[in-house]
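In what follows, a single structure is set out as structure tokens and then discussed.
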């Protein structure tokens, strides 16, 4: 643990990450429950703008959507690329909501920066150290997802790479770790959520979609994350999950998502009452 | 999955487990949040009766305490054995609360049955098939903890062993699985809690003490378990954790426990409102 | 590691385990490569005696075969029980070879002792502490398999339970650990074989059948075990693997087994030349 | 498995990877046991040239050495960078041996290409898909290490990314996976070595240094790899391991390495005799 300095709570003030847009500022880590939602991939202009508007109505604070998708197979749909970024820009303009998207190629960072308000570094790149360094210099807030087999210490050291370049706007996102259990895509490490809130001053989100891989588990696990102290969730929503080009089986439909949002508010209020 | 029949939700009514004592009946799986608490081991008559009375005041429904402790090392304190059982009987009489304790030697089952109201089969014995069969014939409710590396399917099949002998009073208890993460003793599989509530008709408890191994994580993780749908928790409490003969570092003191109980009620109420 | 005393190499002479029969003594840990083989289960008198004679001809030193089988499902074939023990006795008489079989119920220990020359404690019972203690008092050599998620330290402490009761005739058997890899039944921990030969004075066997779960991998992995320093192997062989009542997909047929035995001798000779 | 086409054995000829230098061609996968060795990092000109000459004398076929080191902590020594590449070029010239080194930043690929004969893609970049694609177009042979928690299927799909760009010169390198066992740095998946030789036409190496993290285990585990069918090993050697700037505790000194090379030849000969 000796090399974790900037990411530890000890000696550092609690970090609130502010995502600024022309329409105002959205904060993560201010005691509210931030909800980031959207489809796994940006699949088409029409489809993305439709879901973006719907999500805004349902109270989402930040939109997500992949333009560049890291896919296990070279033959799978890997996102629309630059065209996808343009659609994200339109959605941002249409809704006034900030947008987060993943960068997987360090050479695309500048381009991605222009189209979004927060950069996501995904699980497969948690130890892509050149990318971490550039993210530390880019000026945008960064969501850093945990690697599939990364220890909490390694994860905090990955955050340390970003912080050490001068970027204090880092959000950790637990998305499940790899274990022997085959019935779920990953195993959400709920212990890690509670432990990080104790060890680190950085905000912590949970991605219940990747953590479970099963639509029916997304809501209960999201509520658990909130109860354990998470600052919000990052969740996949698709207007027609069964037609999604990726991650359909773990995506909520809008009705399921609306129910989750209202449940989360209930849990958040209960947790808030406990704190007072 | 083909061999899981009696433990699956499909085709079976939801199970409510009733622990009957002279003072009345305590139920697990009736929509309330059952709290089972006590020290890891029964260490002395005086100490156990003291904590038992305290826990009763704090609203605990079932007392726990180990008379026979499975210890990794042959040189570690392994419980008081029969003398410990006698103390459990006294505590039961003193408080009117039912008592659960672990049986680790099949030859002790009859003896253990006389001193307690519910039998615990621990992680290391989840696939001790002769013990499962005898537990299925014993007439007492059984808490079946998940093995450290047991899949959900294997766990349900272990429950199936008990159910298949005619004992329908089975409670599953998730207590963390073994992963690569070294900062916590185990990794609580919160996905499993949500999935079991969907797949099975049996009540599900969570043991946040063994699942985390760290006192400071017990409360947030217990709240998460409730939010994910657990029917209650099983937690280690000791009046002086630093002097405990086993598991001190993961035991709450009474003040911490009192706070947890009240927080749990808040989360339980929020979850209840969601359901209605 | 503080509690491992009797099982550590330091301060203890290298252990050679001797299995004595009326026909002589078979040793494990004397520098040779001991081969224990047989079907997963004793399925019938005729079948077992047939394979036993065949294995004797092929140079097997110890016969294996399960009379009591720990099965994940309560509905699976669980062995012939006492009738299986009688068949093992016949095979022993017919071939003059010693026999090892698993005990899963502590109440059967005396019975099992009478029919076999070495007791096996399986993975699911590695931390069945009462059984370990009784095995330490029973007078027979004991093969102690590693638990599916047991650390090397926990495994040595399980051996310590047996040694501490006065039984020095303990053999460790690595049979694969549980990991995230789904293409093989388990992951053989070859590091553990090399590390145990360094840390402990006890002989170490490898079970390539359970470690891989795939027939085609049994031979290369068995050779690897020998090259890493194992004192022998414990392998499943069936005259008609596709008709086996259990573990058929990981059982060798006699022709494959004969080839493996001769390959093992080649590797053993090469390793022996290295040592001199 | 549906998406693995080019990497599967079925329908494809066995691949021999040829590394060409001015001094001739070194092959991996031709039935010999290829030995790649060198220090973890290139630390200084003098030191690297000294060990390079020594390794040449000891029969090493390919030199390794890191100029760019992926380090968990941002504060650890991360290699000499370009200066390190220049030293590798000198070593190549001095010894006539080909050189392999890791590329961690896709923007450095051209530079790295000029100084080495084979590119290494490390564990942390196994799913850095842009890097895989560029490696597929670069014209150099590629060593692709397995990710710490990558399944065999995911690993073959990562190779498929390279193959699909037209580069057939791909070598797989197993370097241990992450498990719950704390006494070794990783767990060498020896099953995977045997399974890959069956499933794929690509050569398979083993890195016993990272797979164990313990100097004393490197040799026995390397011999095991060869016995299981590996086409060679990639091993860390340092003239003064205790002074190494990285990975000292898992590096062999030259004497230990010389012994390993001669042992490997013994095992290789034994395995060769088996095949004939």
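Here the chain labels run A, B, C and D in written order, and each chain numbers its own residues starting at 1.
Just so we're on the same page, contacts are C-beta pairs under 8 Å (C-beta built on N, C-alpha and C of every residue); 3 or more make two chains touch, one makes a residue touch a chain.
Since the structure is predicted, the reported quantities are computational estimates derived from the model, not experimental observations.
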| item | value |
| --- | --- |
| Label of the chain whose CA centroid is most distant from the centroid of subunit A | C |
| B-C or A-B, whichever has more C-beta pairs in contact | A-B |
| Distance between the centres, which are taken as Cα means, of subunit C and subunit A, whole angstrom | 48 |
| Rounded Å distance between subunit A and subunit B, as computed from the means of their C-alpha atoms | 34 |
| Touching two or more other chains - residues of subunit B | 149, 178-180, 182 |
| Sites on subunit D touched by subunit A in the complex | 3, 70-76, 78, 104-107, 124-125, 127-130, 133, 147-149, 154, 157, 160-161, 164, 178 |
| Of subunit A, residues touching subunit B in the complex | 149, 151-153, 176-177, 179-184, 186-195, 197-198, 211-212, 214, 216-217, 220-221, 223-229, 262-263, 266-267, 269-271, 273-274 |
| Touching residues on subunit A, where the partner in the complex is subunit C | 178-180, 182 |
